[in-house]
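Okay, got some structures for you below.
Here chain A shows up in two complexes: once beside chain B, once beside chain C.
Showing the complex of A and B:
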């Protein structure tokens, strides 16, 4: 028996690891690819809604039809096409979800970064954030939405305003870590102003966190919008998934026309699930501790 | 007029049991073209002293008192805006850990270019050219190509050179180097120190070197200030200090340095640990660890007394120490 001899040939040269960009590595995950696909399809539906289906209005002849070739998702008690309602609802849900989320991100990031870098402001900001987080948001949103006349704009403002504290807390915690880095001292020694340090040194370090926040906050905003619309506090001039559910409940068809509740609910589920998965996977992919640097 | 004159500098941080006095009345002076080394162990207040000079302690919770004058201009009372103008332009700083002191998300070229554009109002092209010159000045091979690299793509020594390039980008009159070589291995340490010394010679700036490395001090410093518990305990030229220290703490430091000309079985170590700055002992802060301590030391805080030949010592028994150490 001869001992196995390890020669140079025994070790095939390691193939040079292909330099995959972060984005393609992210998109290559099946869950991510599927989520992004769902989001893209929904975005297309939202943008091209008028080309896909007529805006549901008036009364039709086919009342309470189950799903068929003519009415893919069936019809409601007024004979309106549920598919058209869901498509047009996608528009409202995505607009409010994105706009509210952006509002929350801008507010939350500004407050979070300011709290992380300007120490005196931190105490105030933290208290406000904690109070906002402790508030029961749904009753407050209901109250506010009932006071102001409901429209897509006011809904966006209300939802966005109640969503910033979680973003602020997330950004602040990461900002605190960055603020303590010696390169922040380095920037100060080089005479950088506070504004410059926050925008040019700390902000770039929290950008990926912001991307995650946009997706997660948007999915929460979609749920809030659907909830408020279901409670009758949505924009009466815009179709939304919550409003379809509300109509089903109001007309008493909720128990007999399963298609009237199933499809808008599925739409909410898919959008929220896709946005959440895309967001959390983004976070995992960018985290070097998870992918070995 | 001196380049930098610090008088009775005190820095305190709030602590759970009252203020922690990190610096307790430090006075020192640096002339242009001169290197002053502040020598001391961890927690002696040497880094805090440097930070107070750069102004990065200006934010609460630190309270800074005393006087720091740069070319006769008081820095501690400057407004934030005025202070920002002094920073970088007149005082540059080299940090200990270049990996952490450079922003990891920007290329080194971008970081130097940004400083030049913001502070000097240079055009992008001019700033680029100047940045390449600076990186070349700190002897980074293929400077032009390396501008696009991120801090983590450089070796430790290279990174420290980039740090130096950034610190001298605005041609400061005073460069503060806070343990610039501690994170590097010995051969690289020597190169970086040599580079710092060379840049200082060429530019004529003053260098305030914070270190605990006696070898570095002996090599590049003109003057030495030894710090202990937030105070300067001995001050003198590097020759004076190394030939015959006038404070038992300095004596202990020198004795704890391995030497090739002596065959010691065991390396000397100063017994005990530095005192907690929140609870400094009465009398001389060093008396608990001092082999020469007497009753007087336990009660009376020795002031920093001027000795002949422009040196100073804060020891009641400095003559005794001098006699013992001057061989």
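Showing the complex of A and C:
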């Protein structure tokens, strides 16, 4: 690691003034603005889904209709509105994405910080992290999801559990840099406990990295959820983008009803792309080597 | 470090996006260069969904396994276009000795592909092996057999411990006949894989396989049930397409000539504007149903079961899920068995309010006022891969809510579902019976406490039902037998042990510009790919 990173990172404990300019600088980038807008729209769709469209239910007379004024995204083989399904699917995807990524962040940060500060624990934590990273997660998720009865909660737990190692590794590497800094030694000399040093001194210095991780992990979680639902391992009572795709595949309508696969796929694409771009740009913006700090 | 992390994320996202979009696009692949070049038109290529998992015809077979194995090993009887038993290997059958002896008279012109004739000893050996090793579902049908005799090359006699009316039909249709001279040296037939050097007596016999891709079957040069003494098609090739979308595209592209699996109702439009592809419709030998687990305290209550039956809108299900292409049922006996179906029974009317009133009258309360009866909360288990049933469960859940019953959709991945069904871990089972060839066998395997067929999904243990069924089973007088079956039909309907949903029609698609002459039988187990049907197919000149 190069020296400028160290000096830059020594500052965070008192960042009050530069924060605003950082945020506005971040949001002023067109790509970021667009991504954040997409994320906001998705969030609005998710929160206000019941106001935007009725929950897809029952069977309608208009079966397999292409997109039209009455059905913006067309209808499926039961005559249900795909637009409504996509809107309600946004809920599931956002909830699972956020909850799973929060779970992963909490686990990953705790393990990463502990590994960075408590040296004896580091060896164990690193091995565990490496093993987890080396595991073929998709087959394992499939296996687990098949064994437990699939619901939004169990899916969140499964996806979150398999997503923490990447976070732990990121946080640990940053935490190692911080914990070697003079102000940490200072705190130790002043008699601060290990708990206090980790939570009050090191944690604030990795918060920005956590923000990035939340976004990136959430986008991965959304893909995992869609994948599991497509494989029939999703919550059968909750609409999800993966389930719309599964319905199309199962009823054999992929070749004749392109709208049934296109719109949920686009929704996945936009959400994942927006979250990833927002995350990576956030990372770039706070990187002193990029912004000349 | 930042760069590599970022690079990895970008790659991951790119892959994710590619995979997501790929879902809709990855249909067309498959090998376009096919082996059909050599003997072009007389190779009939059929799409199947999965590999053959078991080549031993005496054991229990999956639907796709039996498509291939039934073309190789003859049965005594077959089910014809009208769902009636017709002669196949057996010319005729009769009962002697007051119904205690079933006699089959065999044809003398069936030949194994190694040149030996098919004789009564082969039938005797097949039946005895099944009984000895308790193989497959036929073992339960041979329960009453005390001995099997083969007095001459074309006569087989089954001596029964008691008369059982549908014995000959059940065994005749279900039991595969295997070559004794090939299977006997194999020793323990419960372990015999039979996965190479096949000898069969059907119209086609497996020649070579490429796992995950194709199963090539060569013509048997002596098959008496084919118009010219042998099939007109020289080779049948099963090709594996796990996804139905891909299989339909393959048919449209000419990579295969017919689909073994039925075309989903929702997808029938795919072939609408294709004048080469024709659809053939056949009925079903089973039906879709909701079956209530009697071990559940609340489902053991007749009022609850009747109320649930009133909360299923079967008419709407038939018109939406099957696009109207299905038949409603009242009791457990399918209208296909017209002589046994109790036509006086009426299906429970769809009446959620009435169901609610019935449950209130039975003493169920909604104390917390959430619109649902407090105790009545059930899981509905189903197989996630069955498109129709998952839709049914979705609609059932919505309509039951109107009756104040909270249902949880427990449609899970197929293997999980099968395990749960086997262990009785469900409240309500939503599934489809595949093939019942006669009502007596059906009632025995679905309602006897001893559960001989392993499909008593009610987990019912009722002395009354046992007595009714056993009494009917021992009845040899035809009219009395029919009356007894109709009575059981009525009892089951009144008890609402199950809610029958529909008898669906299946549509099979084939390339009519290349092949013609299929003789389809009802059900998706038989369909267009029975041995008899394949033997009648001719290439279009």
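Please note the rule applied: the second predicted complex is superposed on the first by the 273 of 293 C-alpha atoms of A that agree within 3 Å, B and C clash if a C-alpha of one lies under 4 Å from a C-alpha of the other, contacts with A are read in each partner's own complex, and residues count from 1 in each chain.
In this section, a residue touches a chain if its C-beta (ideal position, glycine included) is under 8 Å from a C-beta of that chain, and two chains touch if they have at least 3 such contacts.
Small disclaimer: the values here were computed from a predicted structure and weren't measured.
Engineer: Should the superposition on chain A be reported as showing a clash between chain B and chain C, or a fit?
Structural biologist: Once chain A is superposed (C-alpha atoms), there is room for both chain B and chain C without a clash.
Engineer: Quick check for you: in the superposed arrangement, does A:181 touch first (chain B), second (chain C), both or neither?
Structural biologist: In the superposed model, A:181 contacts chain B only, not chain C.
Engineer: With the two structures laid over each other on chain A, which partner does A:216 touch: chain B (first), chain C (second), both, or neither?
Structural biologist: Only chain C is touched by A:216; chain B is not.
Engineer: Looking at A:190 after the superposition, I want to know if it touches chain B, chain C, both of them or none. Which is it: first, second, both, neither?
Structural biologist: first
Engineer: Applying the touch criterion given at the start, work out whether A:119 contacts chain B, chain C, both or neither, answering first, second, both or neither.
Structural biologist: Only chain B is touched by A:119; chain C is not.
Engineer: Would you check which partner chain A:78 touches, where first means chain B only, second means chain C only, and both and neither mean what they say?
Structural biologist: second
Engineer: I want to verify the contact counts: of chain B and chain C, which reaches more residues of chain A?
Structural biologist: C
Engineer: Taking the superposition as given, does A:64 touch the first partner, chain B, the second, chain C, both, or neither?
Structural biologist: In the superposition, A:64 touches chain C alone.
Engineer: Which value, in Å, gives the least CA distance between chain B and chain C in the superposed three-chain arrangement?
Structural biologist: The answer for the closest chain B-chain C C-alpha pair is 21 Å.
Engineer: Under the touch definition given earlier, write down the residues of chain C that touch chain A in their complex.
Structural biologist: Interface residues on the chain C side: 1-2, 5-6, 9-10, 12-13, 16-17, 19-21, 23-24, 27, 243-245, 248-249, 263-267, 269-270, 316, 319-321, 323, 384-385, 387, 390-391, 393-395, 397-398, 408-413, 415-416.
Engineer: For chain A, which residues are in contact with chain B within the complex?
Structural biologist: 119-120, 181-183, 185-193, 196, 200-201, 204-205
Engineer: Provide the residue numbers of chain B that touch chain A in the complex, in ascending order.
Structural biologist: 51, 54-56, 59-61, 84-89, 91-93, 95-97, 100-106, 114-115, 118-119, 163, 166-167, 169-170
Engineer: Residue numbers of chain A touching chain C in their complex, please.
Structural biologist: Result: residues 1, 57-59, 63-64, 77-79, 146-147, 149-150, 170, 173, 216, 219-220, 223, 226-227, 230-233, 236-237, 245, 247-256, 258, 261-262, 265, 268-269, 272-273, 276, 279-280, 283, 287 of chain A touch chain C.
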